[in-house]
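You will see chain A twice below: alongside chain B first, and alongside chain C after that.
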Partner chain A sequence: MTSSSLRLRAGLVSIVLLAAFLGIWHLATRSTGATTTMSPEYAKLMGLTATQGKSAMPGPVDVGAKLWEHVRRPFYDNGPNDKGLGIQLGYSIARVGTGYLLAVLVAIPLGFLIGMSPLLSKALDPFIQVLKPISPLAWMPLALYTIKDSSISAIFVIFICSIWPMLLNTVFGVASVRKEWINVARTLEVGTVRRAFTVILPAAAPTILTGMRISIGIAWLVIVAAEMLVGGTGIGYFVWNEWNNLSITNVIIAILLIGVVGMLLDQILARFTRMVTFPE
Partner chain B sequence: MSTFDNPFDPDRNLRARCVCGQHQSAAEHERATALACEPVESEEKRYEGVVASAVMRAMFPQDVARRAFLKSVGASTALAALSQFFPLQTATEVFAQAGAPEKKDLKVGFIPITCATPIIMAAPMGFYSKHGLNVEVVKTAGWAVIRDKTINKEYDAAHMLAPMPLAISLGLGANAIPFAVPAIENINGQGITLAMKHKDKRDPKDWKGMKFAIPFDYSMHNYLLRYYLAEHGIDPDTDVQLRSVPPPEMVANLRADNIDGFLAPDNICQRAIYDGVGFMHILSKEIWDGHPCCSFAASREFITTAPNSFAALTRAIVDATAYASKAENRKQIAEAIAPANYINAPVTVLEQVLTGTYADGLGGVKTDAKRVDFDPFPWQSFAVWMLTQMKRWGQIKGDVDYKAVAEQVYLATDTKKLMTEMGLSPPATAYKSFAVMGKTFDPAKPEDYVASFKIKKAS
Partner chain C sequence: MTDKFISIEGIAKRYPGASGATTTIFENLWLSMARGEFACVIGHSGCGKTTVLNILAGLDAPSEGAVIVDGQAISGTSLDRAVIFQSHALLPWRTVLGNVGYAVSSKWRSWDRAKVRAHAQTFIDLVGLTGSEHKRPSELSGGMKQRVGIARALSITPKMMLMDEPFSALDALTRGTLQDEVRRICLETGQTAFMITHDVDEAIYLADKIFLMTNGPGAVLAEVVENPLPRDRGRIDLHRHPLYYALRNHIIDFLVTRSKTFTTETPHHDPRDVPLVQIGKPGLTLAAGSDELRQTWMPETNPGLSA
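Let's turn to the complex of A and B:
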């Protein structure tokens, strides 16, 4: 059996699964016809759910039509509270990017230091263990209160949630570089700085990248929640705004897009990981 | 609305003594409320009326004299005579362009509910730009966020629940920061909505064990629901559960059967009906007709650092509120505020709220033109009442100087001054008595009022 035929069959199964899912979705959300009789004057004031028994959940056709509408004009701007999906995603990605890069700048050097010093590693461990499991959103009120700026607070929340996996993985990667390599470097009288960059960094890189990949996933998860909380702009705000209007169709579209963007971010990091992986 | 009627009407009193300022007494006002005010054709016309009203008041400090004068010569003669030695036209123009604002680009936060109508509509309908401001109205996720963003100065001013500026100034649920209310947004316009399954349980005495949602702890909704329940012998702290739920989540929660009902701002009530998940038990005006709900608030700091901007902003809001108070403008307003950039709700829902002809969720169509109304004057007695309820339900511990707090936060004096400058006729006093579920509230005796309730939180 060749790998191309396996891929083909896997693709077929994927398509069948998708079709089955859409079919069931469509059947489950069909309208049930008029539920109760009501005067036309009254019916005019009521929504379709009440008058025609239309399911509160949109069907795949509704979602598809709405999605097409969004895809056709992704960058419209109708004022501060209504912008196209492209702009909203741009805001979210910019926030995640900023918070994440700051976290990289802090976590990797810090992780290096901690990883190279067993003393620091032990001393800081209790703090890291306590801070790591805190839900990033729990920081939000504190951030809003102290930073006094909601967009910086959102970036701070991304920063704080993406720092821990990177920090821990860097510490672990640096600390578990094989002793023989370091000893060889030492025998060759390589200086500390050079040793860090030419021996430890390449050896620890796969572990560090894995940490970064976990972090970007978490950061993307958190931005949606953070934006729902703070509002203003971003895909999370879009979800909240459409929820406000009980527009489940738009919420489903947003969910879909959040998934796609999350996958893309993950794939980018996965590619970087492959670039630095080495066979032992 | 008092300020916007014809000052040349001999039967009209320019010195207000009732809610709307148009009648001699509250009783006369009640009788006359059925009569709609004269529609105003245009902005200039309204300003002209406003300015003329001020001129007439200046010329005839005694109202009796003015009436006698008008009755004897007739309104048109009086207007002609007045125009001869007083340039009404110029005065009107001067009023329209007041002192230059220190800061032109302002941000005002709002929560997407119909209570914020004047704040929101002022943007698409051009009330801010008319008063020389470039205002961005920013939709905000919840009351706590709007509070924090206003305190952090991301917003210059904001839409807040009427009790919030009192709570912030007192330091309840936040650091004490002096806030002020130059204008009330809306009166009435809320409702108790129950899940469809309770349509035979209309007596509040049967509501023991039910779960209700309110938008925020420091809200009129909380106080009105507690008041309503307590009047029916239900202790809101022990017999039922009250949950603070952001308005958009209320309909979803009602549908999911997580709550039995809510006292919520409109369009949320009407939205629950529109989607067939709930029905209107009562409108909030049946608890207290004319109750305030939301307010337009700013920090003292903004007022002192940018007094002209603040004055222009208040003028724009008062102007928009006056426009919204006219029934014939309501349909147009519903269309202006419905898009995703503003409230983001179906136009039908907003129209039902604003015009007062609505589906009740039980198959009937009801009409109540005063379902929601707009009146900007920040009565200090409103503030005193809210403070008594904060005290009653244990939000304020210890003694409170009701009058001092009310006067510090509710800027009736400043609003009065501004309105007079604008040529409007504000009410003569900032305190008025009113009745909540038939029980009269005397703003001069808040402590006795608190003590008079049987059901309250023991402090």
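Let's turn to the complex of A and C:
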């Protein structure tokens, strides 16, 4: 079997699974017909859930219709509690992007230093080991207290959660550059700075990029929780706001979009990783 | 041999061992080479051959002693001493041209791109890789990779080449071709070459002088064997030379038995006066016995080293 036919068959199975899922979802949440007899006015007040046996959980058709509404108007702004999904996602992506970039700017140079210096590596290891397992949200109160700005606090939380995988991977990548490549640079009398950029960086790049890919995944996980706490804007706030509005349809749509955006971010980093990976 | 181009003077290498003791790989090692000479070091694993080479390259520092190259004590690596690594050590993210060019631009930092490329290309052509300039190391066979390693070493026009078992990972046919190339290039350019090998035939084919080292730890340079074969020797009729088997047997005997027993059987071995064995020279013996070998030493061939 060729790989193209395998992909075709895998695609078919995916579609069948999706259809089955949507079908079961639809059947489980559809109306079962009139359950009780009541006057039409009273029935109108009670809603479909009470009168038609409709589940409180929206079905795929409701979600699809609502999603279509959002897709048609992604950027509307009707005040603080009613913004388009595009705007909410935009806020989240901007926060993740800022916190993540700051983390890149700190983690990679610092990781380089630690990786190249066995002394620093040993000296900083206990700090890193203690700081790494702290849930990023645990920093939130401290951040809010010191920074006194909820939006910047969210960025700080993203920064602190994305820094560790990048830092550790950079340290590991830099420290485990093959000795023979370093020796090549040494026999060619290549200076430290040039060696760092022409040998160590390209050799460690795949490991560093893997760390960056893990980080962006964690950052995207954390932003939803952080925005639920700080409120105001963002997809996390949107989820919590729609829960307060008891709009399960919107919550489901938000869940779906969080997944899609997370996948896209991961794919972008995966593409960068492929660009710097070298075959041996 | 009045011109001592390389002189290793009493170097030692010690590593801290378990429970405070130090392991001495070798100590008081003296060795010299003339300009344009091709020397091979033969000895069993663990005798410190690679350490000697790394010290010569400047990648490793001796615990004692000094190395003098061209009248100057070395400290650290130098572009004058090119290394061909056993594992070729090409940078996999660079092309063939990129790898050679990296060396060229490291030596001549002010050169522009075109000049670096042209210079690198000359050496890629020299090792017979014309047409593969833009391939990456992963697309090359083992032999081609080692050719790139040779081109990279030669491209910086070093004063000497250091080779650490450069062909040991290659198949016999490729190894033969590359030995021919290295021999041709070294003769043409008058390179001084220092090569570590396990292959007796390789040493006989390539070397002017063969250094025999005893087993480590505590390895010593036991003998320097002068290759009696003519300089314009050919691979095909090498084994027909009347002294070929005498030379080969001498080295094999050393590797099989004497490398283990040399230190105990020769208590008065003076590392500064390592016997020079000249196989087939009139008046010299060819035996494997160490007592007789003492007589083969001719002090006048080692001026400056004599006590």
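Side notes on the structure shown:
The working rule: the second predicted complex is superposed on the first by the 257 of 280 C-alpha atoms of A that agree within 3 Å, B and C clash if a C-alpha of one lies under 4 Å from a C-alpha of the other, contacts with A are read in each partner's own complex, and residues count from 1 in each chain.
Heads up, the rule we're going with is that a contact is a pair of C-beta atoms (placed from the backbone, for glycine too) under 8 Å apart; a residue touches a chain by one contact, two chains touch by 3 or more.
Treat the numbers as computed from the prediction; the structure is a model and nothing was measured.
Of the two partner chains, chain B is the only one touched by A:246; chain C is not.
In the superposition on chain A, contact of A:198 is made with chain C only, not with chain B.
Legend: residue contacts after superposition of the two complexes on their common chain; A:27 is shown touching neither chain B nor chain C. Using the contact criterion defined above for the overlaid structures, shared-chain residue A:119 touches neither chain B nor chain C, since it reaches no partner.
By the touch criterion defined above, A:82 reaches chain B but does not reach chain C. Looking at the superposition, the partner that touches the larger set of chain A residues, chain B or chain C, turns out to be B.
Of all the residues in chain B, the ones that touch chain A in their complex are 112, 136-141, 145, 148-149, 151-154, 248-249, 251-252, 255, 271, 273-276, 339-342, 344-346, 348, 352, 357-359, 363-365. Interface residues of chain A, counted against chain C in their complex, comprise 178, 180-181, 183-184, 186-190, 198-199, 202-203, 276, 278-280. The part of chain C that touches chain A in the complex is made up of residues 57-59, 76-79, 81-83, 85, 87, 89, 91-93, 102-103, 106-107, 136-138, 156. Put simply, chain A touches chain B in their complex at residues 35-36, 38-39, 41-42, 44-47, 49-50, 56, 78-82, 144-145, 148-150, 228-232, 237, 240-246.
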